[in-house]
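Same chain, two partners: chain A is paired with chain B first, then with chain C.
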Partner chain A sequence: MADTAAPVRVTDCGCATPFGDAAATHAALLRGERALVPARVLGKEGGDPVPLALIPGRTLDEDAPPGWLPTVRRLAASMPEGDWGSPRRPVFVTGSNFGVGGLYALRRSGDLAFAAWGAPPTCTERLREDLGWGPDVSILSHACVSAHLGLLEASRAVESGLAEEALVLSFDFLSPFVAGGFHALKILNADFPAPYRERPSGAIGLGDGAAFAVLSRGRGEWVLEGQSLFNEMHHFTSNQPDASGFTECLGPVAAAARGRRIWFKGHGTGTLEAGRMEVRAAAQAFPGSPLVGWKGSLGHTLGSCGLVELAIAIESVKAGRTPGTIGDEAPAMGDNVAFSGFANGEFDGVVCASNAFGGAHAAFLLTHA
Partner chain B sequence: MPDPLIPRLKQLIVETLRLEDVTPADIADSEPLLGGGLSLDSIDALELVVRLEKEFGIKIASSEEARSAMASVASLAAYVRERGDPSRLPS
Partner chain C sequence: MPEMHIQSVFTDEGRDQTPAEIRERLRGGYPPGATRRMTTLGLMVGSTLSRLEPGVEDAIVYATGYAESCALEGFLDSFPTPSPTLFQTSIHPSGVQQLLIGRQRAVRELLPLSGGPLLGFHALRAAFLSRSARVLLCGGEERGTWLLDYGLASDRTFAFAAALTRESGGAPAGRATLTRAEGAGELGLAEWFDLLHGRRGFDGMVAPGWRLELEWHASPT
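Coming up: the complex of A and B.
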């Protein structure tokens, strides 16, 4: 029986990025490497070159079964064994796009094989069968805070005693449909992203990413505290101009972190307005805390970013060194932004934050038990 | 002499964004398109950018460039004149 007074902990966590697993990704980020490379935004149909980071061996174009399935299988093989998908070990699958690119491929080709993976329920059901899970699988999607939402729901299941352990799996793999959408908005363009840098125009990159975390009570080295979600409901694509959504979200996390020295892993996609807001809100809520963002190398892994970057944050604490913010040499948006890596042994924890379309904000504090 | 591109852009804005109760004549040349009286937002801007790129063969590089070009119909006309395919522009 779980100890219902103990905090929720992460007992296991891992990720898959174009650099490899969490340890390989952390090492590459410390070396300042960039996974993003120029690629045609519509895959084999061409289009403008934009910065994309794909898992090696995968193409942007859709396949059926999807070309990303081997990556998820490899990641699943690194998860602890157990009767996942049973009532006491539920699974929470999160992402922002699932196989939506498959629907676009279906529309263009008429090949019904694409439909099998083209929507969250069908995609998750195929995965459930493929990975041998039971029926207790929930699907959660809330744009780029999807992984945070999965962590929160899994925490509640564990906290309430309903679940002994919970598995959160998050993945987002790029497709011409997804890349084309961001390109139409012009925030995915020819430039490489430089998060938290004052440049004439903003730019993001997009990356493949998948990650998992196992949560339980009273076991594991990593404690999740102050989990916070806040939705401004301001606009599809923009935040309240006064950055109040960032501030509202970070309030409970700052309260949980009071009296402790923390570093801050921000969202930092490379857009200008949101970057400025995040830099300011982080400095106000966590004075003196260095802020880093890793999307200048990995690209934005969309709904999975919260979990992918959690795995890298854990790796950073294990290794005692936090990778800095990768970008270019334009002036910083604030004094709190750390562009060089730093030793993190003197810190008590890390705040991990993500933001999403719709004015959704999410953050939590991660400490070493 | 007024630029014939201006009325064409106004017509295109009304059509593309399916503006109700707004005619091309209601849009002033200097009226801000985003955040002004038309109350266009970033989703409207997205639709307009896609249409402008197809219609005039222009390439808008970034969201900041799009915002700057859409400061008003007059600035949009100047932007399209400078970067558009001449064969697709009214003379």
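Coming up: the complex of A and C.
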């Protein structure tokens, strides 16, 4: 079911990536810069070099308290003040990693200090205390569509009148746990990602990322429409061969976007099969709409990618220019793939889409109010 | 917020059973060989949820604080040669995906939640906010081993699945109503499970500003 009727707006939005805030990230993407660099997959314990993009000053190996905490604190300082976590201003925290780097460090070192931030409930509770929020902080975690679910739940809370405003915070920071896991699946390897490019083998990169959005009803410059989900449940790590999951998810978004010119911010991790399906589904649902993906530069920020890339999409519209698909060159998987940046003033909105394990899909339409 | 009717509810509690005993008890509900890689939580949630026959337009709200603790422990112990199977099995929301992928049951809306002292309330609120005609509210926990020593896993093993609708339908088993109220309270996942498992009525605060009324009809499913 798409939430096409929800008059929900984004009043504030921001992100933190290895390039800096949303404006700095957008500028770096326009310059075609790549945050990904080769790094040992298990940090200080070595392993193969793989493309990772870490926040400057942070290492892949976890500290206690977590080395990512200052980044989240800085991001939180840029949020509007308010009684977040109160019944009228609930918080929705999303991500796929939380303090899992601490679990890895705990198991390797036995140092109890790592336990305090380990599991999603404990990590979020420590963060809630640190940021001074009230108790109404819920957690949504659905791998790489997690942030979309936070936006959806926050939208529903606001749209129903349950909340005056809702805050969505998403964060994912890399660790040997997650890098080692993707490396074991053989999709994180020595190659750099080239999303939407036809080549013999696929590869992804991983990146640190955090972002927030404040949602309200009737206020704010940015409208979220047509929020849509679909879960194929075909296979843990692959999609239905007919790409029906992509089509099912994009259908309600296309209905919401009918009659409007849009550009498409895709998921585009750098895997081949999913990339081809996404390119094809985007072209069918949004004929003539240019498709871009930024994970060739930032890496895949996992459960937070939907919110990190929303912040960059908003920055792109504000600046009037959309960064192209970083890390790419011909041949593309389709004519709709945009390798170069383009002026976006003639467009009415942008579709933001993400995908996840289990054949999970999420997408929405972002327009200027 | 409007009330919701509990059409059906199924629960399972591991009590003192070992994971092997739980697997043996539940394996008959799955195709031969299907349970070999399933987690205890996946088996138990799957067994309760499957009885509700999930359909593509049902919304599924899946709540678990600590998820697949034993797969997570196994994955952490597999370094420096991490196991790809345990990696994907330990990723939230693997518990509910194990059943649905096994049966190739697509579902449009899946909302996997984690959380602590308010997880039961947050799961209920997510169900109430869904626009689907039928919401399948499910979840559970599996008892951890070494993670439990650090307070990073559940000390209980349980699972539940309940079908909620806005329309009362034929003969609902019960009714849940969430309303605004002054005061504070908490409803964790285990507490919510205990209410369902015992078909116990409840009238009290479940979060700051929120009150739950839960009543059961004479002949619960």
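We take it that the second predicted complex is superposed on the first by the 361 of 369 C-alpha atoms of A that agree within 3 Å, B and C clash if a C-alpha of one lies under 4 Å from a C-alpha of the other, contacts with A are read in each partner's own complex, and residues count from 1 in each chain.
Rule of thumb we're sticking to: a contact is a pair of C-beta atoms (placed from the backbone, for glycine too) under 8 Å apart; a residue touches a chain by one contact, two chains touch by 3 or more.
This structure is a prediction, so every number in the text was calculated from the model and none was measured.
Undergrad: Based on the superposed arrangement, let me know which partner A:L272 touches: chain B (first), chain C (second), both, or neither?
TA: first
Undergrad: Can A:A190 be said to touch chain B (first), chain C (second), both, or neither?
TA: Touch partner of A:A190: chain B, not chain C.
Undergrad: For A:P66, select first, second, both or neither according to whether it touches chain B, chain C, the two together, or no partner.
TA: neither
Undergrad: In the overlay, work out which of chain B or chain C sits against more residues of chain A.
TA: C
Undergrad: Would you check which partner chain A:F236 touches, where first means chain B only, second means chain C only, and both and neither mean what they say?
TA: Both: A:F236 reaches chain B and chain C.
Undergrad: Of the partners chain B and chain C, which touch A:P135 in the superposed model: first, second, both, neither?
TA: second
Undergrad: Name the contact category of A:A203: first (chain B only), second (chain C only), both, or neither.
TA: A:A203: touches chain B, not chain C.
Undergrad: If we overlay the two complexes on their shared chain A, which of chain B and chain C does A:G293 touch? Say first, second, both or neither.
TA: neither
Undergrad: Overlap the chain B and chain C contact sets on chain A and report the shared residues.
TA: Shared contact residues on chain A (touching chain B in one complex, chain C in the other): 184-186, 235-237.
Undergrad: Given the complex with chain C, which residues does chain A contribute to the contact?
TA: 1, 3, 42, 45, 47, 86-88, 96, 103-104, 106-108, 112, 115, 118-122, 124-125, 134-143, 149, 152-153, 156-157, 160, 162, 176-177, 180-186, 229-237, 245, 248, 357-360
Undergrad: Touching residues of chain C toward chain A in the complex: what are they?
TA: So the residues of chain C in touch with chain A come to 1, 57, 59, 65-66, 72, 75-77, 79-84, 87-88, 91-94, 97, 100-101, 103-119, 122, 125-126, 129-132, 147, 150-153, 180, 207-210.
Undergrad: What part of chain B is in contact with chain A in the complex they form?
TA: Chain B residues touching chain A: 41-43, 46, 49-50, 59-66.
Undergrad: State the interface residues of chain A toward chain B in the complex, per the touch definition above.
TA: 48, 184-187, 189-191, 200-203, 235-238, 271-272
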